[in-house]
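For reference, the structures are reproduced in the following blocks.
Same chain, two partners: chain A is paired with chain B first, then with chain C.
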Partner chain A sequence: MSAPEHASHKHGPGRYVAVWAALLVFTALTVGLGRIHLAGGWSIVIAMVIATVKASLVVLFFMHMKEHGGASRLVLATTLVFVALLMGLVLLDNATRFPLANPPTEATLPLMPPGPDATLPAAVPARAAH
Partner chain B sequence: MSAPGSHVAHHFPDLETQAHAARLGMWLFLATEVLLFAGLFTAYALYRMLYPSAFAGASKLIETSMGALNTVVLITSSLTVALAFHYSKESRSKLAAALLLVTLALGGVFLVVKYLEYSHHFHDGHLPGRFYSYAALQVPGASMFWTVYFLMTGLHGIHVVIGMGVLAWLAVGAWRGSYGGAYSTPLEVGGLYWHLVDLVWIFLFPLLYLI
Partner chain C sequence: MSLSPVSIPPPSAEPAPLFNERNYLVAERGWRSWLTTLDHKRIGMIYLVLTLVAFLLGGIYAMVIRVELLTPGPTIIEAVTYNKAFTLHGVIMILLFMIPAIPGIFGNFFIPLMIGARDVAFPRLNLLSVYLYLAGMLIAIFGMIHGGADTGWTFYTPYSTTTITKVWPILLGGFILGMGSIVTGLNFIVTIHTLRAPGITWMKMPLFIWSAYATSVIQVLATPVLGITLLLVAVENVFGFGVFDPARGGDPVLFQHLFWFYSHPAVYIMILPAMGVISEVIQAFSRKNVFGYRAVALSSLGIAFVGFFTWGHHLFTSGQSAVDAGVFGVLTMFVGIFTAIKVFNWTATLYRGSISFQTPFAYVVAFLFFLVFGGMTGIALATVALDVHWQDTYFVVAHFHFIMVGGTITGFLGAIHYWWPKMTGKMYSEKWGLIAATFIFLGFNFTFVPQFLLGNAGMPRRYYSYPERFWPLNVASTAGASVLALGFVIILVYLLLSLKYGKPAGPNPWGSRGYEWQTLSPPPVENFESQPTYPRPPHDYDDANPAKEFH
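Now for the complex of A and B:
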């Protein structure tokens, strides 16, 4: 534990500047790729991969997880497990529902029973059709 | 036992143990913050799954260059906070205070850019729920994008303001020489909070601006 802690005091400000430069490069990359629309939802996957790489750089170097992890590593890992549970289960639930059990979309709106609908913009005259 | 005038609280055997406890406590707090934002990210994912075309259309109404500018501003402010902690450990407290002031200024730039974006959206009726009045994009789910947008960027903006308050307080302390050398933990812990603000934005930027 004291060996890596020792190493943390050795590195100069250059390491932080290098991480900053890498973050800027990844930002430019994600903006550039955002302009190109890839088929089949690959854009969002690539954008999230880049964001995760950027976040890892911030956590490891700016937040010093690399030098003194210990119990904070366990805290972060547990947090991410619960984030995955929350997001994963909610999306699985809604993705596997009978479509009309979800809020109305363009496809399911004509099948919905009439009534007030918060997801529909006020100016749309679709209600008149019912 | 700790000597009078020492930074070690009496229930800690030494400064290093105290720093470890402070760091762990801050990470536990950051865990609750991450889960708070995770609720909103889940809402985003769910409504984007239900309304992919509405989200893509609404996302085109926000200026990518403004978001990219704010990304660069926040990343740079993370660098200056990390450097402030670095120089505080070398007991260069005045330099640390100056770097915290630069961070504060960058936080101010972020909020000004966000204000300009918000006023544009308010003017054009890019608003949540029944306040949505943008005529050129009338599809189900379009107003949900703005609900999610304002909740996420609003909560993030509140964190920027709170972070700036914490950093201002730390800058005063650093200028007065309250921290330095082995006792730089307040700067480290305050810095962790600011880095979290940066982390959240790193995910918000591609999700909201680059659909």
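Now for the complex of A and C:
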């Protein structure tokens, strides 16, 4: 039980300062990226990659997962699996919702109520591309 | 070393007293000693009182609903009051009774006793969980008195974010109750990992511990999702956030995904502890080692795991994609496999057992009937095409009451009748116990079997009025609910009477070989007079020598 705690006491504050500095750099990078508009949705991809790296740094060093073994890592891995499960099956719903709910030949647009309020759900144009 | 499952006193030792005067109930006096107690047994008793108050409240709402539905039109209350009544019935029964009851009462009381520990791992967190429960309960009751929500306990958007009734206090209450639930789950996980007495390996743990462990894992993993979701609804309702509002880029179906990601596994938070109780009682009252210990133990974890993959079966008709619906329909069926493993092993345990048909065992029989009936209708409902017909009808209401009332509450009643002598040191009236069990079994069937028929005939749930052709079955259902309520009142009366007039139970009135029976009744504050040893598995009835009984 105490072995990992001892391990974490071996190094001084230098490591944490370095991680903190890295987190600040990554934050600045994210802010900078937000000001440049990359084409094709790359902004969000890069932002998510940076966020994942930052979260990994926090988990590994500030939460000491690097020094912990066995049960602690298993708990972390389990929670990640369940987060992936929640996101995955919800996104699967969203990704497959309209094309299969409405066969491509079915006329969707004429069924929309006429008038200025008849705005299209965001997913419908995506369906038209099918 | 003795061959008995536990250490037994040498023959020269004094026989154990029939009633342990130096017990946890009287170790300290005064209400302050209860409010600040760190003793897991006292905390279990506090949960018993609080959850029974909640059960009474939820039961009153249930009877209000049933009396209102006695006639097709208005009977005793207005439509909006009816909507509030079924909302509050659901909120109270689920969040304040069925989720916390068995873990809070029997988990707290018996997990340390079953693993030979002095207390749970974090006694202060344990007390905190009581106060979180109390705070959540009071805030929710405040919300009920001041307005009361009419959304149904599922709080579906967009109705819950636009209703004029006041939903936020009940949502906040649910959030706080969830925190209490997480704390309890965490406490049990750490307790089971770290405080098992020498000799109790994982494969020698009582089966109740396995189910409590699986339950705790679900509580810790799933409850945060509910907490955040309820908060999102509250802020959307109060401040007009757009998470679930399509006009602002939100998605109301997203709410249902998030809500059921917790609330479906929550069904297993309710039923798994009951399954653990059944595993204990069935061994004690058939005097046989459980058939397939490993399968019963690990199927609890299987249910906990697979239970997370099924939430989408609540969304078959709410706009979820057909692909997702198909995936969830198939995944839901897997729960049936693990449940069937348990049911077949329990019935195989009974085979050639020496069965004593006493009150706790009566609830085992009722549980098996209700679980299989409710479970099989669940498999039917998981079939997408059938569910489209039954969605939001009384068929669904009957199905989940069979599982949750029929399963969880018979598990709860089995537990309270099995462990009452250990908790209080007193015996209740066996005759009245069996009479009440009969009332419960018959009343339950008369309440909910008609609801299956009503649902199949097309009567929607949560409707204030109905066509006259549904009248006779609704009368039958209300009559059944009255018998059910009478059964609960009888139980309450004889249990309370037993506290004063009951015979002293002795350390082990059932001759059970579960680990928890080797201490005195009621247990001393320290749980055991001397640290027991555990050379054999729990409920080992292979050696029929009566001298090997505990005490």
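As a working rule, the second predicted complex is superposed on the first by the 91 of 130 C-alpha atoms of A that agree within 3 Å, B and C clash if a C-alpha of one lies under 4 Å from a C-alpha of the other, contacts with A are read in each partner's own complex, and residues count from 1 in each chain.
By our rule, a contact is a pair of C-beta atoms (placed from the backbone, for glycine too) under 8 Å apart; a residue touches a chain by one contact, two chains touch by 3 or more.
Because the structure is predicted, anything quoted here is derived from the model rather than measured.
In the superposition on chain A, A:L86 contacts both chain B and chain C. By the touch criterion defined above, A:T78 reaches both chain B and chain C.
When the two structures are aligned on the shared chain, A:G34 is found in touch with chain B, with no touch to chain C.
In the superposed pair of complexes, A:L24 makes contact with chain B only, with no contact to chain C. Within the superposed three-chain arrangement, the count of touched residues of chain A is higher for B, of the candidates chain B and chain C. Looking at the shared chain after the overlay, A:R97 reaches chain C, while chain B stays out of its contact range. Overlap of the chain B and chain C interfaces on chain A comprises residues 71, 78-79, 82, 86, 90, 94-95, 121-122. Within the complex formed with chain A, the chain C residues making contact are 193, 221-222, 225, 246, 249, 251, 253-254, 257-258, 261, 308-309, 312, 315, 319-324, 327-328.
Partner chain B is touched in their complex by these residues of chain A: 9, 13, 16-17, 19-20, 23-24, 27, 30-31, 34, 43-44, 47-48, 50-51, 54-55, 58-59, 61-64, 68, 70-72, 75-76, 78-79, 82-83, 86-87, 90-91, 94-95, 102-106, 109, 118-124.
Those residues of chain A that touch chain C in the shared complex are 71, 78-79, 82, 85-86, 89-90, 92-98, 100-101, 121-122. Partner chain A is touched in their complex by these residues of chain B: 20, 23-24, 27-28, 30-31, 34-35, 38-39, 41-42, 45-46, 49-51, 53, 64, 68, 71-72, 75-76, 78-79, 81-83, 86-87, 89, 129-130, 132-133, 135, 138-144, 188, 191-192, 195, 198-199, 202-203, 205-207, 209-211.
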